[in-house]
Amino acid sequence: AGLGGGPERDTFLLGAVTSLSGDLRFGGGVTQRGYDMWADTINREQGGIEIGGDTYEVEVEYADAQSNPSAGADAASQMINDGADALLGPYSSNVTLSVCPIAEQNSMPHITGSAESPQIWQEGYEYSFGTIPTVSIIGNEATSALLNLEPQPESVYVTGVNEPFSEATAVSMRTAAEDAGVTVENYELFPRDTDYTNVVSAAQNADPDLHLHGGHIGSHVDLVSASEQLGYTPNGFLMHYGVNTGSYKDGSGAQAPYTFGATVWIPSVDRSGGVLFDSPQAYADAAEAAYGSAPDYTQAGSTAAGIVYQEALTELNAAPPLSQDDKDELIGILEEIEVNTFYGDVTFEVGGEYHHNNINTQTLLIQLGEDGSPTIVGPEDAATGEANYPVPAWDER
Amino acid sequence: MSDATDGADATGSGSGRTRDANAVPTLSATGVEAGYDQHQVLHGISFESRDGVTCIFGPNGSGKSTFLKTLNGIVPVWDGTITYGDIDLTGEKPEDIVTHGIATLPQGGGIFASLSVEENLDVGAFTVDDADAIADRKAEVLEVFPALEDKLDQKARDLSGGQQMMVSLGRAMMTGADTFLLDEPSAGLAPRLVDDAFGLIERLVDRGAQVVLIEQNVRAALRLADYVYILAEGEVQFHGPPEDLSEEDELMELYLGL
Amino acid sequence: MSASAPVIGRLPGDQRYWFAAIAVLLLAWPFLFGSFWARIGLGALMWIGLAQSWNMIGGYAGYLDFGHGAYFGIGGFAAGIAMVQFGYPFVVGFALAIVVAAVLAYLVAVPTLRLTGAYFAIATWALAESLKQAALILEITGGTFGLSLPRSPDTFIGIAVPFAISETFFYYVMLVLCTATMLLTYYLFERHEFGYRVKALRDDQDAAESLGIDTTRVKRQVYVLSCVVAATFGSVYAWYIVFIHPNDVLAPIITDRMVIMALLGGLGTLTGPIFGGLLVFLLQRLSSVFLGSSTFYLPLIGVLIMVTVLFAPSGIIGILRGEVGRDDVRKNLKELGEKFDLL
Amino acid sequence: MTDRDTILKTTDLTKRFGALTANDEISLAVERGEIRGIIGPNGSGKTTFFNTVTGFYEPDGGTVHFDGEEVTGWEPHRLARRGLGRTFQIVSPFKNMTVRQNMLAVQTDDGRSREEKRDRVGEILEFLEIDHIADNEARGMSGGQQKLLELGRVLMLDPDVVMLDEPAAGVNPALESRIMDHIHELNDDGTTFVVIEHDMHVMKTLADTVSVFDSGRHIAQGDFEEVSQDEAVREAYLGGTTAEDDEVPV
Amino acid sequence: MVDIGLFTQIVINGLLLGGIYVTIGVGFSLAFGVLEVVDFAVGEYVMVGAFMGAVLAPLFGAEGVFVIPIVLVVFFAVGALIQPLIHHVTTGDRPHPLLMGLVFTFGLATFLRGGVLTIFGPNSQDVPSSLLTGGIAVPGLGTFPVVRTVTAVFGVSGLVVFMYYLYRTRGGMAIRAIAEDRTNARLMGININRYQSIAYGAYAALTGSAGVFIGMTFNASPGMGLQYTAFAFFMVVLAGMGYLPGVIIAGVVLGLTQSFTAVYISGNAVLLVLFAIIYVVLLVSPAGILGKGEWAT
């Protein structure tokens, strides 16, 4: 251990900033489970990370971002103060955008497993990386897959909530539709707390084949409730983020089935696996056993972030605590890395539009079944089932 | 004990009742100490109401209103007792004291500004259940204060200061009480109305009610007084029939400006 | 409390020693505990200053400004826009924040200060919400995507900054700003006749007017002043936090916090906001450190607020001044008990 | 009287509240140095007249002249600093301030230093005999003490004209005569007074001239004796009582 | 070009949305205007009501409607017990009674929001109902969503009941007298604790059950309260403080403004227009749209 590395220790200390309280607590909790899955598994199965013949356990220390950027920045600083070797990032783009500068200022490696806004990567931060592809890609690819279903849709109606992630999602959906030559009847943003009957009435009046919506779970719930109440039934709804979460099912109850959604990973996806977990299903089973609920792609992406660190640290081959030089070298390794995981192949773009974002993992179009469980219905090469399309009208369910 | 219904009979009959047949209990205080927070205002007041009008005079800030508020329960008593006939009022709540037949006209009137004049009168009769008694009393109030007749539907706040005082007095009458605690009923009234106010007090007395009257209009009040207390600095400086006052030149000068 | 009472409760010994000790601690703070605690310190200083800025209009003048947080956001965006959209250094942004806040506050003051009590509270709330919504739509504010400010230059008006643009640097900036706010409040509201005028209009506007006090003008002065103070904190915050978004810096919770801090501390007092600000900020920020990962601190704060209001109506400052003794609590409990007589 | 000049004058001053005309073309002139009484039944528009003159109400017609200058529509604080002071029928102390602070809050244009102002506060409080409670909060004062504070505050303006709205209402006779003495004393020093009062004893002792209001109109003016003999005034206002009725039935 | 079908549907949407606001505004107007309690907890009562719907409905055959009587009773009782606390902090020799009430209820709101968040987590919960589903299509007009229509009827009925109580009964008169002057009300023989508790309990009961309806219309989530607190305040401002009938007008204005802005101007501008209107109404006519409000501060 060199200069500035803090006290001697025989573990790798990863400082995780995430929202454990506040509005984003749900996502924060998912992130936390993802990071813990990695740390617990590697410590249990391999005794930690092997460096020069010795194994060093991995320790993840959490600091609460309280769903608020300034508390997030403080939390990151707290972790750095505590001598963390590297940072695991928070949930949500706003908090991430205030944590990245702290990583930058302190030359601290930072991988986030759960922030999707393109803004983060467009800023060109040197010390921050992300395992989940930006939503610009996810939204775009999911929409393209949906537009390929038969009968081919001719028109779409795009809506989104006016916050950064949701707007980026809606934009990517619109772009995909335009690129596919489909008519975009309308593109409309609105505040989260608005009433959705008006959105639905306007959409109903336009009578599109598909309704595409960017937002968080609560907004999806409001959208389907209002649609049910007004009897608005396009051939399908595509909504991102989170239709395959328990939260969406709890919130929308009987209206959940048949909704289309986007993801980059679900347990039934066919991926080879490798480090730590043999397959997506193996990961899902382990997570189910540990937390009693099925993991979604945010959790998987967070675990993948840990795996990436594990591989990079092994390659760095420096015992903890890391010196500043070690950390700078780690950045170089991360830029080059290629890891094959249960989550998919992870590599980070260098330069380009989404600097340090893993844009490699394939996007999946999913649809919820009668029981609310997701099936991959697109793109064709990844599909594990047939889409129920067009979806039945509300009163025919 | 005389409850509200007794009062209703008395006013309802319009004939008044003789004091001897149904004497109003004596309201009395023994060694009352009271104040606000840490600040003691009353230092051992002993007091007894008499038939007719018992006047309380004294300089501003001497504790007259405070004492009145111990009688009606608004200000808690620190020490001493207050009784009404056989009933111990010490520590009773104002809303319960009213039901024994003790009505108050607070200093300044205390009308309910956004209620109509009629509603103000109705609130006065809150403890009365008998609709006929209420109607009779209302008629009587309007007889005393004809100026209120065509203002019944107006909000009380739209009345002038003097008119508001009439409403307050009328409202006190509505309770049908036998004992009235009046805190400066003539303040702010035009001379004509001062006459009316004192006329009303006389009427109450004629009907057998007993009145405890705080007044700064000493001259007019003395004309009605059956007994006088003078308070200064929270203590009783003098009490006796008004006739005895004339012998107390110093008191008269100091506290009454006479 | 008479006018000559000590400003900080009843401290043993000579007040000067206390002040000196506190001053030394404040000056040495970032070097004593490192960068994280410097951040906590600067956060606390910022919130104390913000609570005091609210106290000027809300406590001293008695106008419940429920849109005060907007000026924090306006300060932030003014500085951010100057730096991002026009490439000016921070000082220009800071000056712009003051000017924009002052002008806007004046324009708002003219019609809005005619309202009183809850009307004023709701009007300012609605206005602040409109500003937030506007910031979400406008392009210059970055709209939905917010603004990322330029990162950490090492010079300040061309001069090399001693601690670069680090926590330590911002700590001292906040310390200066917060101290200036406290001194300004002390001088204007506690020592100057201006303070009497402000309190007079709070108690009875008509009477104040009849005694030669131009209440309209005094109100506007206090409002503009308090808004400008909030804006200065906002501008420094934006520079420090680097990324600002309408949902964060224009959030209604910012106002709510200022109000709660001023009230818990002691309304219309010089030192109340210090205690209220410290308590609420530290409870919120350090709850995760002490309570672990839970939302339990929220109901806790809720109960704390309720209990304080029930038993220490003059706030923490009242407790410190010994206004809330055991007897008072007992008396309070007894009175409270009487109010439960419902049948 | 003719050689004295007019300091306060209203011409056809009118104020309406909806359908009600509370002040109906009131023309009234107050001479410098006099004590003018205003009487009239409750609701006849006396307080409204004060409010309109001192700028609290916007008049619906007519003008106000003060000390040779038209001041119609001036804001109250400007008039106050110009030398027109007033009190309120319902006392309005600054409850959360001490008596002394109540006095110090008064704002004038005369450039007095802080010390001078403090000294003046001391003088006035002593004059009114409430200096012993100077550092008490106003909320705890009795009604009468509040009346004195109200008077004290307005004196801090060093006003040329003081308009008093029922200064004696609710005031103990001993204190009442003290207030009257104060008024006389100040009047001797040149302060002009306009006093609304229902106490005819006070009116008789104080007023040089009495103006009578009824239903919003200025119906009569003259010295107290004249006015109190006036049949219309007796009918509308005085009723059976007169100030002569002084004897005490003891 | 205005599409008539869309236009009428937007009017329906706006009116029914207004109906939802009426359910919150009625009780709040009573608390605000009559009890002079500036109650920051109003939105959290809605939230807790919605959560009671989510938790209890499964016990009643997954039917939120059946939960309403329980919510009415529970909220009335809890409200009646909270009122003495509020009364305590807004009286006595406290220097800023209005503020004290406001801060106390702010603490209460934080407690309720944090408590529900801690117990149930941050997720939205469905408040199921099989009776109030779908919409009724009226040819030529548009679709009336059943749950929203029933909610609006509930709100308006609540208003009528409150009005009747307040202006036609002795208890109502007592409450109005208390609002004016508590001490003098006691001198009239009114047990102010009882009547204030009745009023506050009634407000809490109505608001809590509004929460169940809102839960059925949307869903229940721990963070939903703030939004309704804001709307409750805006409702009384537009209605005119303390002027109960104004609540209907306020609901109509708020609802229609929202739906027309959303469709004919821009979804993004909805809240901007809404807040701006409230600000302007306050400046131009503080006593509400009809100018009938009154509230002594």
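Per-chain numbering from 1; labels A, B, C, D and E assigned in written order.
Here is the rule we go by: a residue touches a chain if its C-beta (ideal position, glycine included) is under 8 Å from a C-beta of that chain, and two chains touch if they have at least 3 such contacts.
Computed from a prediction, not measured in an experiment: that's the story for all the values here.
Path length between chain A and chain B in the chain contact graph, taken as the least number of steps between touching chains: 2. Both chain B and chain E are touched by no common chain. Among the pairs A-E and C-E, the greater number of C-beta contacts is found at C-E. The chain with its C-alpha centre at the largest distance from the centre of chain D is A. Centroids of chain D and chain E (each the mean of its C-alpha atoms) stand 48 Å apart. Here the spacing of chain B and chain C, counted between their Cα centres, is 50 Å. The mean-CA centres of chain A and chain D are about 76 angstrom from one another, to the nearest whole unit.
Taking each chain's centre as the average of its CA atoms, chain B and chain D sit 30 Å apart. Residue positions 25, 162, 189, 191 of chain A each touch two or more of the other chains.
Residue numbers of chain E whose C-beta contacts span two or more other chains: 93, 95, 117, 191, 268, 271.
Multi-chain contact residues, meaning those touching two or more other chains, occur in chain C at positions 133, 136-137, 294-295, 297-298, 341. Chains that are in contact with each other form these pairs: A-C, A-E, B-D, B-E, C-D, C-E. Listing the residues of chain C that touch chain E in their complex gives 62, 64, 111-112, 114-119, 121-123, 125-127, 129-130, 133-134, 136-137, 252, 256, 259-260, 263-264, 267-268, 294-306, 309-310, 313-314, 332, 335-336, 338-343.
For chain D in complex with chain C, the touching residues are 54, 56, 75-78, 80-81, 85-88, 92-98, 100-102, 104-109, 114, 135, 153-154, 156-157. Across the interface of their complex, chain A is touched by residues 3, 5-6, 9-10, 13-14, 16-17, 117, 121-126, 128, 133-135, 137, 142-143, 145-148, 217-219, 221, 223, 227, 258-259, 262-263, 266-268, 270-271 of chain E. Those residues of chain D whose C-beta lies close enough to touch chain B in the complex are 39-44, 47, 89-90, 140-145, 147, 166, 169-177, 198-201, 236-241, 245-246, 248-250. For chain B in complex with chain D, the touching residues are 36, 39, 57-62, 65, 107-108, 159-163, 165, 184, 187-196, 216-220, 222-223, 242-243, 245-246, 253-258.
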